[in-house]
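Letters A, B, C and D mark the chains as written, and numbering starts fresh at 1 in each.
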Amino acid sequence: MSLPEVSTHQQIDELRAEEHHPTPRQYVKVAIVLFVVTAFEVAIYYIEAVGGLLVPLLLLFALIKFVLVVLWFMHLRFDSRLFRRLFVTGMAFALIVFAIVLATFFFRDPGAFTESNGSNGSSSSE
Amino acid sequence: MATAALTRRGMFARPRATTGWWSWVTTIDHKKIGILYGVTAFVFFLIGGVEALFIRLQLARPDGQVLDAELYNQFFTMHGITMIFMVVMPMGVALMNYFIPLMIGARDVAFPRLNAFSYWVFLFGGIFVYSSFFLGGAPDGGWFGYAPLSRTLPGHGMSYYSLGLQILGIASLAGAVNFIVTILNMRAPGMTFMRMPVFIWMSLVVSFLLLFAMPVLAVALFQLMFDRLFGGNFFNPAVGGDPLLWQHLFWVFGHPEVYILILPAMGIVSEVLPTFSRKPLFGYAAIVFAGVAIGFMGWGVWAHHMFAAGLGPVANTAFALTTMFIAVPTGIKIFNWVGTMWGGSIRLTTAFLFAVGFVAMFIIGGLSGVTHAFVPHDAQQTDTYYIVAHFHYVLFGGAIFGLFGGLYYWWPKVFGRLLGERLGKLHFWLYFIGFNLTFGPMHIVGLQGQPRRIYTYPENMGWDLWNLVMTVGAFVIAVGTLVFIVNAVLSRKRGEEAVADPWDGRTLEWTTPSPPPEYNFSDVPLVTHRDDFWHKKYARTPEGEPVRVFAGAEHADDDEHHHGIHLPSPSYFPALAALGMPFLGYGTVYKILPAMIVGAAILLLGLFGWGLEPSVEE
Amino acid sequence: MSTHEVAVEGAVHEEHHTSMGLDNVKMAMWAFLGSECLFFGSMISTYLLYRGRTASGPSPHEIYDIPYTSVSSFVLLMSSLTMVLALAAFQRSDDRQGRIWLLATAFLGVTFIGGQIYEFTTFYEEGLALATSPFGSSFFMLTGFHGAHVTVGILMLLSLYGMSAFGRIEGGRSAARPVEMVGLYWHFVDIVWIVIFMIVYLIPE
Amino acid sequence: METCLKGSDRKSLRAAALGVLLLVALVLTGCEDRAPQDFLNHPIGETAKEADRLWDIVFAIAVVIFVLVEAVLVFAVVKFRRRPGREAAQFHGNTRLEIVLTLIPALLLAGLAVPMVSTLFAAAEEQQGALQIRVVGKQFWWEYEYMDSGVVTANELHIPTGTPIRLVIEGDPNDVIHSYWAPRLFGKQDVVPGRTNFINMEAPKPGTYWGQCTEYCGLSHANMRLRVVAQDPDEFEDWLALQEEPAAEPTSGAAAEGQKLFLENACAGCHAIQGTDAAARVGPDLTHLAGRSTFAGAMFETNEQNLVKWVTDAPGVKPGVKMPSFRGQLTSEEVESIVAYLLTLE
């Protein structure tokens, strides 16, 4: 583990001094971007032409918003790497574990499934 | 003094008592809280053990008449829940509470009041679950409460389950956050990560496992609660709910959970073996790394509990492979423990015996665990007593042996008196023999087809003899437990007084007096080595032999210059806030809105009082 | 567990020595948020699994009102802005302005919750309830727990406001640190909504 | 003694090693052949044998690891006991040894994974022309439906020997999870409400194989047993043909009276008897009840005495059962006539 090891008060103070806060102006800029992206999200939802691109685009837009809020509003950009790790570990566990969980539902082995009738095991709405 | 007593902040006068009943309710000293955790967990161990004895009595003979089906089902469910959530987890937390600050050179945990809150929530949660026995029946859906059975079982039992485990989970989560911050941020100067005792490392891994696993259980329990109490359809197959969702959520929590149960014990063993072998731990880095690896890999194996559920061959293969390979890091630990003893100068104390007993028995449980990973044969084993054998070998032979090793090892530090070695050894051998008599034959009857969770079996099944043996074994364990109790009582009365460092220990806790003062260390230690205390006590001859440089223990505290130490002051609020939990619980189970409101109000009141109260009384 | 007490709990330790030079409470908060990822992850997966399971009652896109929800999403998003502005104000020791932004944030939060309550009632009238179908259960659980988080956040904001107004913030003159902690929580709840808005409302079945 | 020590019995010895009770176990279980659900010593069906072959390898290796590691452990404890005048050697590790001891288990497991995966996929493969039988688990009994002929029966599964069988394990959406298992023939599969699972199997020789439900399913989980009756194909065909027949009309007075009572009372609201008006499927189909050697989840032998107890007060003899007690509703004479009727349902 390469976590930063700081043990003297002096170093702590240095860290404090380094603490970097965006200005309100920057905050407002971020918020404007957030607003625009949200507008896009809603817009493409209604635009037929987007077609199959809808879901990837939505994912992308949500990701942008997510990252902006986390990095700027939550200061993760400027803060200790440890905090990033704590959060990203949680995110990663959640994403991986639940991707697998959902995969076991949506991609049940066809082999185990031939001729199954009346099963509502997965994707029942189709 | 008089002015201090008059200080009023918030609603109550600040609690002052340092002895007596109230001092325990209001304490936020990690050591006292550790003791509270330990005593509570031990009481639950007796209760869970008595339930096990009834289970064994019922099964001793075919067509047993000791319990009826209803009571039997409650007993095995409560036995499982108790042992896991109210015994092994909190007993680990007890030791973690007491010794994390002492071993990293801190004066307390990062959030002392949150720590107290965890304990009270745990206690109230346990009492809440147990009260169901007197309110119409305890949970009876098995400790993993498979839906849809758990949502349809009549009575309130499984509602208590869904809310009770929720409450216990809150305690665990709060504790986990606390320990993570404590370990990361409260270490004494010089205590780098690679100088931390392995027990600290394992506590850190456990805390992370709790941090990420408890919320998954929380969601599953909420879903069950909605299903049972508010007409939810999460697990109602009749309208498209999928029972496997529960299984996934439960075991995504459940498998990390089993490592939550075993890793503290592994940490203890990694402290006890070097101390009594007079050797540094063999392959420290590898043991630490293996512990972290187990923690990680533990997230990728959960569906091995669902091999018979019909996930299909691809998923089964994937989970079987991940499961098998968990043996590798675990093996590293086992080999390095043996390496630690190798070439040592071993003192066969009780603590050491329990630690070695842990290694010896855990190997058996681990190997049977690996045999479960062979899916086609697991289809035969699963839900038989072969599984019951596996998990008691890792849970009793593993966790419980390890925890008792820790108790014998650290007892003198906590209570200032040693536990008797003669009785201790008697205890160990009774446990060792009784344990193998009880759980060894389970492998055999399991492979002869005895399913688990059956309250009765007819006489022509060929299981009679072994079941009788198991029952006898369980009573041998019970006698062993009584021996321990006697030992503890005698030790309190006339046990040998403990010096600060009775075992010639290696880590910081042994530099403090036994028991340690409230502030732990009069001077915050400066750490220069792994096994720092040992290095302060011993220099090395050119041949590498240790020579004593000063009598470390006598260095004990001089009581002079601790006056400037500001410790957090006791507080009513953590216990008060926790008291809201059972109200919320009962209110929800019986859908009594006023009770829920009262519970929420108490909780909020506690939290506000807590928030407005300065943590140190000037 | 609410985060409020954590925020205050650690305050005294502020000036204490810490081995990583980091703030205890902040570390606790980030750990807690990591944990929350799995909490919401579980519920979101449940929703994804049950989205189409409507043996009876309406299906998702029969009842969602996207323009309406877009507006409330926007409100919540903007509350993140007011939240950081509050923090910035407290950090430059402008407590008065900080309190105003706190109130603004709480107000936007209340607006969001009000919108959610309205949405829930409409859905209920249109035949979707917790008990209607697995879809209903998972929808109400996910958005409901999110709403509960917002509510807790509002409570914390108001408490902060009160504590600052009555000078009861511990550990210094300014409420910047507790505000930062509550802010982290608040933004987290906001990003959860970003995900929910996309997954629950926008992505078609 | 010596006779115990051959063939499959030796496995018990190894099992005992695992349970530490080496010798005792040999004497006491090695010779025990009165364990009808034993899959360790006497696997018979093809699926069970496949699993058993895998087990043989895995278990042998596990025993070797067990013996080696425990031996070294005990040796270390004994050898390095504290002795006066000897100081502990102060070393911190041995990287090369540690790497070797990491690789050995890893390679070993990788090797073991191969037969595991192939057995696993083989077991999942559907055999051509298999006889398909639907199995539904209910609290606390089993319903079978022969998918070709539509024959419905309960608790006792009849199968032809030497024929591949595919059990279609279907969960009743209004019931709970159960698990279908006849150890000597095949490993278990869960019966999950709303889902379908499969068991492929084959019984090489005739016999009655025991099994039971192994997923905890409520009060009478322990009493949810089953039998699989494997018959020569000819006999099986005869049996199946008989099952297709409707129930015999009762001739004797008591039985005729019983039939009337059966149809008049609640019984017909839950049970089906082909050839009568009773057609409900809440409880087992009783058309050929008397042809089954056991009833109520293979819990009781089918005889007059047991049936009388059952019809009088089913929950009294089987906790939690979904059939109500008729004590107080039916006189003992009435019960006896009903039972007389039931016993004509060959």
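We take it that a contact is a pair of C-beta atoms (placed from the backbone, for glycine too) under 8 Å apart; a residue touches a chain by one contact, two chains touch by 3 or more.
No experiment lies behind these values; they were computed from the predicted model shown.
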Chain with the smallest distance from its CA centroid to the overall CA centroid?
-> B
When A-B is set beside B-C, which has more C-beta pairs in contact?
-> B-C
Among the chains, which has its CA centre at the largest distance from chain A's?
-> D
Which integer distance in Å separates the CA centroid of chain B from that of chain C?
-> 33
How far is the middle of chain A from the middle of chain D, if each middle is the mean of its Cα atoms, in Å?
-> 47
How many angstrom lie between the CA centroids of chain B and chain D, rounded to a whole number?
-> 36
Note: chain C residues in touch with at least two other chains are 17-20, 22, 27, 31, 34-36, 38, 41-42, 49, 53-54
Contacts with 2+ other chains: residues of chain A = 3, 5, 7, 82, 89-90, 93, 97, 101, 105, 109, 111-113, 120-121, 124
Residues of chain D that touch two or more other chains sit at 121, 124, 194-198
Chain B residues touching chain D - in the complex, by the definition given at the top = 68-70, 73, 141-142, 146, 148-149, 152-153, 237-238, 240-244, 277-286, 308-310, 312-313, 316-317, 320-321, 324-325, 327-328, 331-332, 334-336, 338-339, 341-348, 356, 359-360, 363-364, 367-368, 370-371, 373-380, 382-384, 389, 436-437, 439-444, 447-457, 460-463, 465-466, 540, 544-546
Where on chain C does chain B make contact in their complex?
-> 1-2, 4-13, 17-20, 22, 24, 27-28, 31-32, 34-36, 38-39, 41-43, 46, 49-50, 53-56, 129-134, 136-138, 141, 145, 159, 163, 168, 170
Where on chain A is chain B touching in the complex?
-> 1, 3, 5, 7-8, 82, 89-90, 93, 96-97, 101, 103-105, 108-109, 111-113, 120-121, 124
In the complex, the residues of chain A that touch chain C are 3-7, 9, 11-12, 15, 21-24, 27-28, 30-31, 34-35, 38, 41-42, 45-46, 54-55, 58-59, 61-62, 65-66, 69-70, 72-74, 79-80, 82-83, 86-87, 89-91, 93-95, 97-98, 101-102, 105, 120, 123-126
Contact residues on chain C for chain A in the complex?
-> 17-22, 26-27, 30-31, 33-38, 40-42, 44-45, 48-49, 51-54, 59, 66-67, 70, 73-74, 77-78, 80-81, 83-85, 88, 91, 183-184, 187-188, 190-191, 194-195, 197-198, 202-205
